[in-house]
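This report concerns only the one structure given below.
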Amino acid sequence: MTTSTSNAGSAAGSALRRGRRRPVDSIVKVLLVAAALVSVVTTVGIVIALVQPTIEFFQQVSIVEFVTGTSWTPTFAQKAYGVLPLVGATLVVTAIALAIAVPLGLGSAIYLSEYANPRTRKVLKPIIELLAGVPTVVYGFVALFALNPLLQKWWPTDNGPAFQNLLIAGIAMGIMIVPTIASISEDSMAAVPRSLREGAYALASTRMQVSTRVVVPAAISGIVAAIVLGISRAVGETMIVTIAGGLTSDRIVLNPLEGAATMTAFIANISSGDIPVGSLDYDSVFAVGALLFLITFALNAVSIRMVRRFREVYE
Amino acid sequence: MTYQPLHRRSPHDSEVTTVNHPDTTTRPGVNIAGTGAQRTGMRQPDVAAPVMELSGVSVYYGEYEAVRGTSMPIQEKQITAMIGPSGCGKSTILRSLNRMNDLIPGARVAGSVTYHGQDLYAKDVDPIEVRRRIGMVFQKPNPFPKSIYDNVAYGPRVTGMKVANMDDLVEKALRDAALWDEVKDKLKTSGLALSGGQQQRLCIARTIAVRPEIILMDEPCSALDPIATAKIEDLMFELSDNYTIVIVTHNMQQAARVSHYTAFFTAEVDERQERHGRLVEFSQTGKLFTNPADKRTEDYITGRFG
Amino acid sequence: MSAPTLTTDTRPDPSAPGSALTQRRSRPGEVAFRLAMQACLVIAFGVLAALLAWVLVKGWNRLDSRLWTEMPTGLVSRLDGAGVQSALVGTLWIISLVAVICLPIGILSAIYLEEYADNTRWYNRLLELNIQNLAGVPSIIFGILGLGIIARTLGLGFTIITAAIVLSLLVLPVVIIASREAIRAVPQSIRQASYALGASKWQTVYRQVLPSAVPGIATGSILALSRAIGEAAPLIVLGAVTFITFNPDGLDSRYTALPIQIYTFITRSQAEYTELAAGAIVLLLAIVLAMNSIAIFVRNRFEKRW
C-alpha cells in the first residue's frame, strides 16, 4: 500500500519538475516583442530620415543664418534661409487658435461637468467626441471659402483680411481644437471625487465657487495637459494653414490679416511641386521638418511630465 | 455583551478614571457607563429647547421612498445620535437637515424640517444660507487638495465673512478642533499630507470656521483607527458646549458614550420587497439603552440582529 | 440679511437666526457665470455645426451618384460629369490596407506592454515613452519619414502601399493606447482564476483577457482607421497631389484619396471646383462620422462595467 502511493507521489513530483514544453509561448513572446519594436523602428526611422538631409542642408547653410535669419526664400532668385518667418507664422496662428479654443473649451467643459444635467451630458459628450474626428482639410475649406468672405464683407475698415490670412487659419484651427480641450478637460473634472464637491457645498459654497475654487484647481493637471496637447496639435497642423494661411515667407509677418507660411505649410507647398532629390530645396524640407519635430518633441515631453507630476494629487 | 470604555479622561470627571460602573441593565446588554444622562455637571436645559424639529419627514429618490415619516426634535447644544443597521435612512435624514439632498437629482423631501421655527424647505429659503448655519463632516475625511491654512480659510472666504484677521480665525478654528498644536508649524503644507484622524479634525476645523450653529456628522469615525476615534469623541464633548451636534453612527457603543439623545432607525421591507427606512424610537440615551420602549430597539442593542 | 460680525470668535453667530434664511441673497454673478459657460458650449459647437451645414448646402448639387460613378477631371468643361470615384476607391483601399497592417501590430504591442512587459525595466519604460511621444508627432513628419525612407530608401515609391504603411505608422499609437486601456480594464481576478486552473500566460490572454477587451480594442481600432482616412498632409509629402483618374490596381499602383482629391480641387480657382470639393467633403464626412459613430456605439453598448 505505502509503496504504491510513494511511487505515485514521486512520479507526480517529477512530472512537476519536468514541466510541459510549450513552444507556443516562446513563439508568441517573440512575436509580441517584434510588434512592440515597430514603434521603436518608427522613431528611429523618423530620426534617420530627418538627420541625413538636415546635415547636408547645414553644410550649405549656416546654422546661424537658419536660426536668426528673417527671410525664407528658397524659391526666389535671391535665396535666403532664415527660418524665423515660418516660426513666426506658426506662433501667430497657434496663439490665435488657443485664444479661441482655451476659453471656449474650458467653459464648455465646466458647463458639462458642473451644470449640465446627466442626460444632457450623456448626449453631448459623444457628439463632442464625434466632432473631434472631423478631418482638417474640411476646416481649411471652410476657412477659405466661408469664414474669409464673411470676414471681408463685415470688416469695418478698408484694409481687410487678405485672400489667405493667419486670422482665419487661427480661427478655424481654434474651432478644431475646442473638442479636444473640452473633452479632456471634462474627463479631468469628472475624475475629481464627488466627496470634494460635497465638502465644498457643505461649507455654503455656490456652484460657481465649487467649480472655480475646488474642481478646476483639483483638475488642473488634466486641463493643462489638454492645453499643451492643443498647442501641439496647432503647431503640427498642416491642412488648414496650407489652404487658408498664406504663402509669404520672405519676411516675418505679425499682422494676422496678412497671409504667411507656417513651417508645416512650407513643407506641404514645396512637396506639392517637383523638387529634385538631393537639391538644397529638397534638403530644406527636412531641415524645417527636423525643427518641427524638435519643437513638438519638447511640447510632448512637457505634457507627459506634467500629467505624471500632478497625478499623485489624490493617490 | 459587555462593553469596557476606553481608559481615558472624560471631560466631565475631575480626574482620570477607569470607568467601570456596574451593569445597570437587568438583561445582558450594553453597559452604558458614562452616558451623558448619568454624567454630573452636564448642562441640561430645563425645558426641551429644540433648535430643529422634524415632523413627518419622508425622503424620496424619484418614486422610491427611502425613509418614511420621521419625527424628532434636535435639542440645542446637545449631541443627538442616530443609530441603526445599514440602509435604514440615517444618513439620508441627516443630509436632509442641511439640504445636501438637493444635490442628488430626483431627491425630494416631504414633511417639514424647521430650524428656529423656519421651514428649511420653503420656497424662498436659500440652501446656501442653510449650509452656513448647519455644517457637515463626512464619513471619509475630504480635505481639499490645498494647504491646511487654505482649507480652513475656504469657508470664510466663499461666504464673504468680514474677517479682521484671517490668521487669527484659522488659529482659533484649529485650536477648537484640537489640531493646532500638531499643525501650527506647517500651515502651508497640503491638507492631504495629514493622517486620517488629523484630516478629519481639519475638516471639523474648517466647518467651525464658518461659525455654524449646528454640526452634522455622518459616521465621522468609521474610517479612523481607535485612537483617532477617541480624540474625535473627546472633541465632540467639548464642541457640544457651543454647538448642537447630530451624529450618525454605526457604532452603538459610540452613541452610548457620546450622546445625550439617541434615535434608533430600522429598515422595513414592504410587499414589493423594497426597503424603507423608519424611525423606531427616540429618547434620552440613558433611557434608550437601559429601557428601550420598542422590542426592535432592544433586539438591536443587545445584538440579536444588525 | 445680516452678515456675521467682525470677529474671530468661532462660536455660532448670534445675529443669524432662522428667519434670516428666507432673505434669499440675489447672486447675479452666479447666473451670469452659468450663462457664460453655457455660451461657450453653444458658440463653439454652434459655429462648428453652422460651418458643416454650410458645406452641406454648398455641395448639395453634387450629392448624387456622380460622386462615386465618375472620375475626377482637370478640365472645367468636363466638371459637370465629374466625380471622385478614384479617390473613393483609393480611400477604401487605404482603409483595408491600414487595417491589415496596423491593427495586428498595434494590438500585439498592447498585449506585450500590458501582459508581458516588466515595467520596472528601463527599456520597457522607454518603449512606453516612445509611443506616447509618437502620438504627438505631427502627421506631416510621418510623410517625411515615408518620403525619405519608405519611398526612396526602401524603393517602394509613391505607391498606395507606401501610403498605407505611412498612415499605419501614424495611427499605430492610437491603436496601442486604446488597446492598452481596454486590456488594463480587465480585472486581475479573471487572470488569476485562469492561472489557478493551470492555464499558461498566452492561454489566459487569448481566452480570457482579449475576449473581454474586444469592445475597447474595436473602438480604438475604428477611431484609428477613421483618423487615417482623413489625413492629407502625409500624402501631400508623398507626392499624391496629382490627378489620378483610375482606381488602384495593385499594391504598387499610383493612387489618390478623398482628402487629397479635395485639396486638389481647393487649389483650383474656378467656382465649380469649389462645389465639387464641397460634395466630396460631404462624402468624406459621411464616411468618417459613420465610422466614429459606430466606434462610440460599440464602446457604449458593449463596454463591460466590472
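Here the chain labels run A, B and C in written order, and each chain numbers its own residues starting at 1.
Throughout what follows, contacts are C-beta pairs under 8 Å (C-beta built on N, C-alpha and C of every residue); 3 or more make two chains touch, one makes a residue touch a chain.
What you see is a predicted model; the values in this text were computed from it and never measured.
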item: Contact-richer chain pair [A-C vs A-B]; value: A-C
item: Per Cα centroids, the chain farthest from chain C; value: B
item: Separation of chain A from chain B, taking each centre as the mean of its C-alpha atoms, in whole Å; value: 50
item: Between chain A and chain C, centroid-to-centroid distance (C-alpha), Å; value: 12
item: Residues of chain B touching at least two other chains; value: 128-129, 132
item: Where chain C touches two or more other chains at once, by residue number; value: none
item: Junction residues of chain A - those touching two or more other chains; value: 206
item: Interface residues, chain A side, partner chain C - complex; value: 22, 24-25, 28-29, 31-33, 35-36, 38-40, 42-43, 45-46, 48-50, 52-53, 103-108, 110-112, 114-115, 124, 126-131, 133-138, 140-142, 144-147, 175, 178, 182, 206-208, 211, 229, 232, 235-239, 242-243, 264, 267-268, 271-272, 277, 285-286, 289, 292-293, 296-297, 299-301, 303-304
item: Chain B-touching residues of chain A, taken from the complex the two chains share; value: 117-118, 193, 195-206, 209, 213-214, 217-218, 313-314
item: Residues on chain B engaged by chain A in the complex (per definition of touch); value: 98, 100, 103, 105, 128-129, 131-132, 135-136, 138, 140, 142-146, 154-155, 158-159, 192, 203, 206-207, 210
item: For the chain C and chain A complex, residues of the former touching the latter; value: 27, 29-30, 33-34, 36-41, 43-45, 47-48, 51-52, 54-55, 58, 104-106, 108-109, 111-113, 116-117, 127, 129-145, 147-149, 152, 169, 172-173, 176, 200-202, 223, 226-227, 230-233, 236-237, 239, 241, 259, 262-263, 266, 274, 277-278, 281, 284-285, 288-289, 292-293, 296, 300
